[in-house]
Amino acid sequence: MDFLTKSLAEAAGMLASLDPELYFIVYVSLKVALVSTLIASAAGVPLGFFIAIRKFRGKRGVITVLNTLLALPTVVIGLFVYALLSRQGALGSLGLLYTPAAIVTGQVILILPWVAAFTVSAVSRIDERYRRTAMTLGAGPFQTAFAILREARFGIIGAVIAAFGRVIAEIGIAMMLGGNIKGFTRTMTTAMALEHNKGEFVLAVALGIILLAVSLAMNILLQLAQGRYGEDR
Amino acid sequence: MTLYDLTLVQVQFGALRALDIDRLSLPENSACALLGPNGSGKTTLLHVLALLRPPTRGAVSFMGEPVSWREKTLLPLRRKVVLVDQHPIMFSTTVIKNVSYGPKMRGESRSFQKRIALECLDRVGMKEYADRPAHRLSGGETQRVAIARALACGPRVLLLDEPTAGVDIENQSVVEKIIFDLCSEKNMSILFSTHNPIQAERLARSKIYLSAGRLAAPAAENRFPARVLQQNGLLALIDNREIHTGPPPEIFSTGSFVSIDPEKIRVYANARGNSGPRNGWLAAKVLQISAETDRIRVVLDAGKAGGTLLTALLKAGDVRQNRIVPGDSVQITLDPDALRIEKPPA
Amino acid sequence: MTLYDLTLVQVQFGALRALDIDRLSLPENSACALLGPNGSGKTTLLHVLALLRPPTRGAVSFMGEPVSWREKTLLPLRRKVVLVDQHPIMFSTTVIKNVSYGPKMRGESRSFQKRIALECLDRVGMKEYADRPAHRLSGGETQRVAIARALACGPRVLLLDEPTAGVDIENQSVVEKIIFDLCSEKNMSILFSTHNPIQAERLARSKIYLSAGRLAAPAAENRFPARVLQQNGLLALIDNREIHTGPPPEIFSTGSFVSIDPEKIRVYANARGNSGPRNGWLAAKVLQISAETDRIRVVLDAGKAGGTLLTALLKAGDVRQNRIVPGDSVQITLDPDALRIEKPPA
Amino acid sequence: MDFLTKSLAEAAGMLASLDPELYFIVYVSLKVALVSTLIASAAGVPLGFFIAIRKFRGKRGVITVLNTLLALPTVVIGLFVYALLSRQGALGSLGLLYTPAAIVTGQVILILPWVAAFTVSAVSRIDERYRRTAMTLGAGPFQTAFAILREARFGIIGAVIAAFGRVIAEIGIAMMLGGNIKGFTRTMTTAMALEHNKGEFVLAVALGIILLAVSLAMNILLQLAQGRYGEDR
């Protein structure tokens, strides 16, 4: 326990001294996770909303596929994107492997189904009466859709927050596609996993503190969004 | 001009035919109550009339125009009619934003939205709630705001689905009073569903009865699951009691229904000393007598043991002359054409 | 022996006093109906009587024993009383396993469980459903199985919470018939809540009325939110109408209620040629007349504009003599002690 | 694409040839995940059930903490357990680091809150009327609890399945505490992430196929449990 306490104390010192290496890793992590989340949300929220409010043949099947994609393991995605981006791969000529763009590609594949599936679930939970009420009060199709979207807002925000929390904490994709290159693609999770027994233990603990703080903050935001949501209904 | 014309309208939910109306005309500027038991199709009919649900089959015409049910042509028609749900939901914002939603959708100016919303809130006595979060109101308050929200659309037709169901007792009389006032409104027709015949009688000028999705005689209660037997050529068996009928009925197994026309039931006070049941007569007990538009509605217990509720529609004079009072034992007869036998569904 | 004795029983939900009963005794082997509007505390009272909810304050005694509300002593008492919920739920297994749950909990043998379950299912006409999944039944079928499940416990007291609410029309008469038969059962007391006075009258031998959590006079409808003004020393204002009363009432602002004792309302047919309202008389219209245990219940519209519903309890002779028929305009007076004024809550 | 197709074909051949190295890795992964899930369920289901049915002071707080623990990143858990188990750590003398037992320790910390929180949620969703019905029909306290547990069974099974799916696909803990030792602690995820660019690409793809199959199978089981559950209410 002494060892752990000592490491924590040193890590706190490192955090306080604004160590540039530490904060650059945090910056890369947040940037990559944010970009992934934004891309996945820009595609996934409209997709999920469309699936939820439209009636079409095979809707049940689409939702089942979406829910199944939630289970894609990060390492499987990492391997698949690696095969595409490696020199021998179909997109190898782009030279994206071991760049932040590669990580973003993999993470978008990871969380797009999350954002879409949770948007479907948030919008589907909205009582049919909201649609009916908007329509009977004279709303057109777009206005009706907007009214439903507005009622589902906390659920959708929750989906986006959950997605961000998922990518900031994942390691498989960041490691396989980013390669943990110092000052370029080294993220909090890859640094923590790969550097801890190479004398960079204090750095790992400092990153762990920040990652834990970010993850818990996201989770608390998520609980607030869901709580607010629940209270509204 | 007629407001609605429905011809051969059916609404099917899977195997269930929720609505099956051969013909229904509603005149303009009417105040009409829609009666019928739970599951009789009241809400489904209101959704069709609100132009929210296209019928599975049949033609609807609204204010002289046939309704095509294509979204494009539907919107202008739908903006003339507003439905207030049985348990209305509020958008999760303030009361006044809820009430100004209709004018906003119609592209009215902000100042007009606000003025009309406050006006309508005032009409239902909820003006001081304008800035409250709308989804935190009680059931009765929600109902009042929902009516204001509907009125703010300036509709030609207002449809209300069981407006006093789920409303606390203090608000019930308030809501009834609002509906009563709206019923005397010019330039607006009002149609509300209710399971309360007294409410219908007090508030509406006309009534529609639904039973199992069909328009029914004004006492749809007289519908019994029955085994009908051809016995002595003249008898029908209802709930194991024999009821006389003229023409020999067809024979059906279980699953058929018998309806008794409430206008074709005669009720006689027990003659003095003549207490035993005579041939062709049924003994019954009077439970309730109430006013119907131009008739008196008499609810009778005609069963042996907590048995069969029958509703008869009599003339006021007959009731008065016979001195019928609830609690009395009476005798009833059915006119030869009082029974209608429904075949079981194929 | 009395079945239940409640003394100064209160149930508080946060700020809401859901139940506030000074004294209530229920005799054994009774068949009693519990009436009152939505939210009047019927369900809460049933939960207390089912020994499922300890009251916030007050003493309950059951079959002569004071109830201590400790789990250990409660279980044997609770096994003598069964509540059937308003919308009963079924355990997600077969019908017969649901019905044999009670005997199983009591450690009965498997063969006994099965025999009693089939017997009880047979009583409600659901024997052929024994092996169906119970959570796929319709509302009416669920209600019937729930009654069978309760009966299988062999209770001394059977409590039913609105047994025909949410039940389809075909099953309603079946459920009523089952209750009717149970009411004549020896060695079992039955208490059911309903909002249907006709049902109460037909099925029960006695009635309890609840209004806002309190035991009420047998027509709790006569309770109005009111501004009461001391004007001329003699007047009370109800819904902006003046109603005479003897002793000068105290002055309250809004928030108070006025109750009118239905037994102290006199109803007179309009004297010929004497149509205008006389001093101290109120004009009203008769809406409904129905049978009450030893009285006639008359529902009157005493408001100016769709206004105030009043319920009077008259003697059968008075109704017959006055030849009152629904739809009639009548005049009413109130006895000097008819009004009770409730202070607004502090 | 040619590269990916070729790798897939070779991987299929490897799977068909019952390659012992491949299947030993799968065996280690499944064994570790199963043991973790069993331990976490044995503790988490009763804990969650108890929290859900009991009324006690601070219940809301306990549930919030439980939900917050859902966000614990795998690498943070890995680092924490590493600090405990490393030679300098408090439990260093046990010599557990880089053994399957170390992975199980970390994974139990990861999924115990999952199992408990989902059990709380599954049991809380059970209508109050089930409790009331059991009690009025004469059930004692234990019998009543059992009736509620029985109604929540599909939700609880779902929680256990979700937990297994989570541990089988996680990599941070397996890597930091197992150390990817061939024939001992090498799991599907660590092998895939660390070996793919060391000439073991075909092995990685073959493992990817198996991991994907297991994950999707768990997810389909989960959807079935939830579907059955939803239908019942």
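A, B, C and D label the chains in the order they appear, each numbered from 1.
The criterion applied here is as follows: a contact is a pair of C-beta atoms (placed from the backbone, for glycine too) under 8 Å apart; a residue touches a chain by one contact, two chains touch by 3 or more.
Since the structure is predicted, the reported quantities are computational estimates derived from the model, not experimental observations.
Counted as hops between touching chains, the shortest connection from subunit B to subunit D is 2. Centre-to-centre spacing of subunit A and subunit B amounts to 53 Å, using the average Cα coordinate of each chain. Chain centres here are Cα averages; for subunit A and subunit D they lie 20 Å apart. We define each chain's centre as the mean of its Cα atoms; on that basis subunit B and subunit C are separated by 25 Å. Touching of two or more other chains is recorded for no residue of subunit C. The set of subunit D residues that touch two or more partner chains is empty.
Under the stated contact rule, the graph of chain-to-chain touches is a ring, a single cycle where every chain has exactly two partners. Inter-chain contacts, as defined above, occur between A-B, A-D, B-C, C-D. Considering their complex, residues 37-40, 166, 168-170, 172-173, 176-177, 179-181, 198, 201-203, 212, 223-225, 239, 285-291, 296-297, 299, 301, 305-309, 316, 319-320, 323, 325-327 of subunit B touch subunit C.
Of all residues in subunit C, only 47, 50, 52, 71, 75, 78-79, 81-83, 85, 87-89, 91-92, 101-102, 105-106, 135, 149-150, 153 touch subunit D in the complex they form.
On the side of subunit D, the complex with subunit A involves touching residues 1-4, 7, 64, 67-68, 70-76, 78-80, 82-84, 86, 88-90, 165, 168-169, 171-172, 175-176, 188-189, 192-193, 196, 204-205, 208, 211-212, 215-216, 218-220, 223.
Subunit D meets subunit C in the complex at residues 127, 129-130, 132-141, 143, 147, 150-151, 232.
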